[in-house]
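Please go over the structures that come below.
Each of the next two complexes has chain A plus one other chain: chain B in the first, chain C in the second.
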Partner chain A sequence: MKYIPTIGIECHVQLCTKTKLFSEVDNDARGKEPNSCVSPVDYALPGMLPRLNGEAIRYAIRAGFAMNAKINTVSRFDRKHYFYPDSPKGYQITQFYHPIIGEGYIELPSGTKVRIEHAHLEGDAGKLTHFDTYSLVDLNRVDTPLIEIVSMPDIHSAKDAHDYCKELWRTMCYAGVTNGDLYNGNMRFDVNTSIAPEGSDKLGTRTEVKNLNSFRSVERAIEYEISRQKKLLENGEKVIQETLGWNDATGKTTGQRSKEEAKDYRYMPEPDLPPVHLTEEFINAEIKKVPLLPNDYRKKFGEILPADTLEVLLDYPDLMKKLGELDVKSIKPVANLFASVLLAEEKSVEMLSHLPSATQLSDLVEMKEKGELSSTAVKEVFLKFFDPQMGKKDARAIAKELNVIQENDAGALEKIVDEVIADPACAQAVADFKAGSEKVIGFLVGQVMKKSQGKANPASAQQILRKKLA
Partner chain B sequence: MKIASKDVSAVSMVKEALEKAKRCKNYNIFTSLNEESALNRAKEIDEKIARGEDAGRLAGVPYALKDNFLSKEGNTTASSKILEPLRAPLDSTTVEKLEAEGAIMIGRTNMDSFAHGSSTENSYFGPTLNAYDKERVAGGSSGGSAVAVAKGIVQFATGTDTGGSIRQPASFNGVYGFKPTYGTISRYGVVAMASSTDCIGFFARSADDIDLLMQICSGQDPKDLTTLPDYYNEKNDKEIKKIGIIKDFDLSKVDPSIKKAFDDKVSELKKDGYEIVELSMPALKYALAVYYIVVPAEITSNLSRHDGIRYGYRSESAKSLDDVFSMSRGAGFMPENKRRIMIGNFVLSSGFYDAYYLKAQKARTLIIDEYKKAFEKCDFILTPVSPSPAFKLGEKVDDPVSMYLEDVMSVPLNLAGVPGLAIPAGETESGLPVGLQIVGPRRSDKALLEFAGRIAGEAKINEEVE
Partner chain C sequence: MEITREEIDHLAKLSDFSLSDEEKDGLTTDLKNIIGYISQLNELDTEGIEPTYQVFEMENIWREDEILPQEADREALLNLAPAYLGASGVQDNQIKVPKVL
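The block that comes next holds the complex of A and B.
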């Protein structure tokens, strides 16, 4: 029997606000001591009350706009209760009943639209590290602002799930609301997978795989779940609704300590935070601050760049912005340089954090067009843009320093050609060419290049040779 | 308010207060005294005065702090075992404001653990005794603060009022007790009971003294987003003409001495030219039911942070994570705390939320509207504070419902967020104090205190120690 998978994804995005969602403590704990970014509000000293970070509200508006969603002018916070040492208050402050972001959608590069059911603001939990006989608690991450984006069950393949997560990641990075560092958990995905026989109008029993932090693991976990569930159903067994963990090393999902006795979070409106009322003016002013998003760039560069190059380069928001600063004719050659030269470099990610200026790049393209640089020379100069010593210099200065500018002066070139033709060492080749041997032209051009110490433009050299030997 | 001056030193005022506090030891008023630092503070104030500097509007005034206010002085125990070891790293907004005006905290007062109760019998440190009869309760939950003022130890004490916890003990001990409009005083740094009804307020000997404390402590606080913009210190020129009485409260069921005090006050007001308006407020009969749904729900939530992990009591016999939670909480909370935690969890659990919590919130809206309508017909409302004067110790401990009924006339105000003041209004035949309550519309706090100052005199102080 053929089964149709249905996949829903919940994605947590850590917002890169300066301070936490409910306190004035530094939100960026990278490289800091455990429990050093924690205020009495965060560790839940009695009598402490949450304050609301306006920047997080503004970022949520931007994120909502980026996912084509309606921003709700009234939203509220609620408490979600559970006991665990990563939750100092004994509850998480979230938006259960009235989220800030309403329905929206994300359009995948394939054109598929995945609808967003809603997205809400909430505080992150702390981090536990488990040892044999004890566990350590780090509250640095407590109440880092998150938006949780809940998709509708519009995804039907592991590949689309991968593309959705990637597109969501790109969209949030472009909107500037997250650092987007997946390795450090800036975005985490919970994936709900079920399968049902083709043509069935009912969905199958779903399983949830929690806390995936790469697109690849999302794809693999879903592939695994689809085949696991299929085997179960084919053997006449049932899929149990449960929460699973993903083991990247074994490539398998595993049941998480069967503690899943239908948790009751006892949601309750948060009485310490008044409702958030937003005016249309406030929302619109914030939306105006959203820079171009991946789809805007697809529209902007779609006719200039091949789709595969564009999709590769879209992973780098700063690069796309740089391309947007270039004159139209430079866009394609520069994009090609990045796609074929820079991304092949071992340290490409590090190099991409210091992009050359638009002028440097345009000048380079112009020199190439004038025939002043060979393709190899263009690559050499381009890579020097990322060199800490030479990177600040303009294209011509670097080319001069590398001594790679081609000789295009027709007079000078003719002189060299004359010397080559007159050279007794070339007499045989000259004679052969005149007798009709085409292949020796390469040898003669090579001699011109040699005499010019590589600076001659080989195309021009050949042209002059042919004219003189005709 | 009597403040320190060149003639009366702060040191002498603090010494006197501490001596009185020690003399009243048997009443179990304080959970801790603050002798050394209080005297040091008093010396600083005296030096300021000697240098001719402004030492504040409460210069050298000793005061008592309810044990659920965070202060760097002493342990903030909320009269519970679970918080007994807690030394707060900061001061609550109220403490900060009082001390900036020169007030000196001489000790922390006993209360029902986490303010759950109406008699101060639920304290981990044992009950506080009534200022007029040691066999009777002080009222609660702010029992220690009420008795500290009634015994003349301090001129004022702080309290919290979630359903009557200031007004009822004030009336049981014959002093003034004020619960302001919700949001008038910051809750920052006060151990939360029920966030949507908790109010910070004061016990004092006169409405004037409370007015001064309100001037100092009210106002918007960025650390408490539910505080109102500062309205208290705006000029008030409201003329008071009409006093409402609620005919739905069946006064035949209250203690005769309270009914008499009420009738006397109504006649007196009539004689003074006030118009008495009869009000029908049928929704108030739901107030207690609504209160015992909404408040336990918030209590269970607010008490979740006491898990034995980061501060406070942790069971030493705990062997697993679940043990740490259940054994620390099991031993750290009093039976009444646990009762409310269980009620709260029940009404919030999935499947019951709509039937209880959501419905209670709707009924709460009805109560709010009813007060709004009532105040279209009158300026203030006069009611008793509680159905009876101070009851005997142990009398209601095993009967939680009858204990809850103590609050029947006080909780509606907390649900509606309106202010209420307990005023002394005579005594029973056996000499127990009787109090009445003046209720005003939201933000009428200043006018209410001024009105009370006109219709009631200074509270009696009972310095006698049995």
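The block that comes next holds the complex of A and C.
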């Protein structure tokens, strides 16, 4: 029997505000000592009051706009209760009843739209490291601001789930609300998967795979779940609704703690945080700050660049912004340089953190157009833009230093051509060409190139040779 | 409204309370009385009335996104960690707790 999978995804995005959601403490704990970014509020000491970070509200508005969502003018915070050592408060502050972001959608590169049910602000939990008989608690991450984005079950394949997560990541990075550092868990995905026989109007029992932190693991975990559930159903067994973990090494999902029923969280309004009331003016002012998003760039460059090149380069927001600064005729050659040369280099991502200036890039394209640089020389100069010693120099200076500027000066070239024609070693070739042997022209051009130490423009050299030997 | 022993057990578990049988008996009666008393509110018609989320009528109490020095530093806060099995509750600048999975 053919089964249709139905997938919904919850995504936690860590906001890149300077401070945490409820305390004036450094929010970026990457590479910092355990428990070094903490305050009495994070420890939930008696009498401590959360103090809402206004920037997190602003970021949420931008994120909401980026996912084509309605921003709710009234939102509130609630307490979600549970006991676990990663949360000294004994509850998480979240937005259960009145989230800040309403319905929206994300459009995948394929054109598929995945609807967003809502998205809300909440504080993260601390980090536990488990040992044989005990666990160690690091509270650096407590109340780091998160936006939890809840999709509708609009996804029907592992590939689309992958594309959705990636597009969401891109969108949030372009909107400038997160560092998007997947390695450090800046975005985490919980995936709900169920399968049902084709044509059935009822959804199957779903499982939830929690805490996936890469697009690839999202795709693999869903592929695994679909085939696991299919096997169960084909053997006449039932899928149990449960929360699973994903093991990247074994490529399998495994059972975790049993999920508490929603009512067991005993949600209640957070009495320490007054509600958020937003005016249209405030919302619109924030929306104006949102820079171009992936889909804006698709529209902007769609006519100029092939779709596959564009999709590769879209992973790099700064690069797209840089391309936008270039004059129109330079966009395609520069994009191709980045796509073919840079992304094939090791450490290319590191290189992308120091992009050349728009002038450097435009000059390079112009030199190529004037025939001053061969394709190989263009690549050489381009790579030097990322060289710590030479990177600041303009294209011409680098080309000079590399000695790769082609000889286009007709007078100088003619002189070299004359030398080649007069060279006794070339006499046979000259005679053959005059007798009608077309292919020896290559040999003669080669001689010109050699004499010019590779700096002659081969096209011009050939033109002059033909003229002189006509 | 009836409160069953199972409900008391469930609530105790969620709240991480360890209760004796007598305490559970007492709580069963107490909770039943409290809920019965509060239930009188159900007689009121609250149609169209906004729920009371807070009593101060404040809104938009935000702060600027600026890192401020904290009155209590890492050491002072870590020192608050309760002892673990009679020894220090701090290890490698982290709080040591019984393993819970």
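Assume the second predicted complex is superposed on the first by the 463 of 470 C-alpha atoms of A that agree within 3 Å, B and C clash if a C-alpha of one lies under 4 Å from a C-alpha of the other, contacts with A are read in each partner's own complex, and residues count from 1 in each chain.
Assume a contact is a pair of C-beta atoms (placed from the backbone, for glycine too) under 8 Å apart; a residue touches a chain by one contact, two chains touch by 3 or more.
Source: prediction; values computed, not measured.
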{"item": "Which of chain B and chain C A:Phe83 touches, first, second, both or neither", "value": "both"}
{"item": "Partner with the higher number of touched chain A residues, chain C or chain B", "value": "C"}
{"item": "Which of chain B and chain C A:Pro274 touches, first, second, both or neither", "value": "both"}
{"item": "Which superposed partner A:Val137 touches (first chain B, second chain C, both, neither)", "value": "both"}
{"item": "First (chain B), second (chain C), both or neither touched by A:Tyr91", "value": "first"}
{"item": "Contacts of A:Pro46 with chain B and chain C, given as first, second, both or neither", "value": "first"}
{"item": "Chain B versus chain C as contact partner of A:Asn35, first or second or both or neither", "value": "second"}
{"item": "Touched partner set for A:Arg266, first chain B, second chain C, both or neither", "value": "both"}
{"item": "Residues on chain A lying within both footprints (that of chain B and that of chain C)", "value": "40, 43, 45, 51-52, 81, 83, 85, 135, 137, 264, 266, 271, 273-274"}
{"item": "Chain B - residues contacting chain A, complex", "value": "68-70, 76, 78, 83, 86, 88-90, 92, 187-192, 194-196, 222-226, 297-298, 300-301, 303-307, 309-311, 321, 325, 345, 348-350, 353, 357"}
{"item": "Footprint of chain A on chain C - complex, ascending", "value": "14-16, 51, 53-54, 56, 58-68, 70-72, 74, 77-78, 80, 84, 91-101"}
{"item": "Touch list for chain A against partner chain B, complex", "value": "40, 43-52, 79, 81, 83, 85, 88-91, 135, 137, 264-268, 271-274"}
{"item": "Of chain A, residues touching chain C in the complex", "value": "17-19, 24-26, 33-36, 38-40, 43, 45, 51-57, 76, 81, 83-85, 129-139, 257, 260, 264, 266, 269, 271, 273-277"}
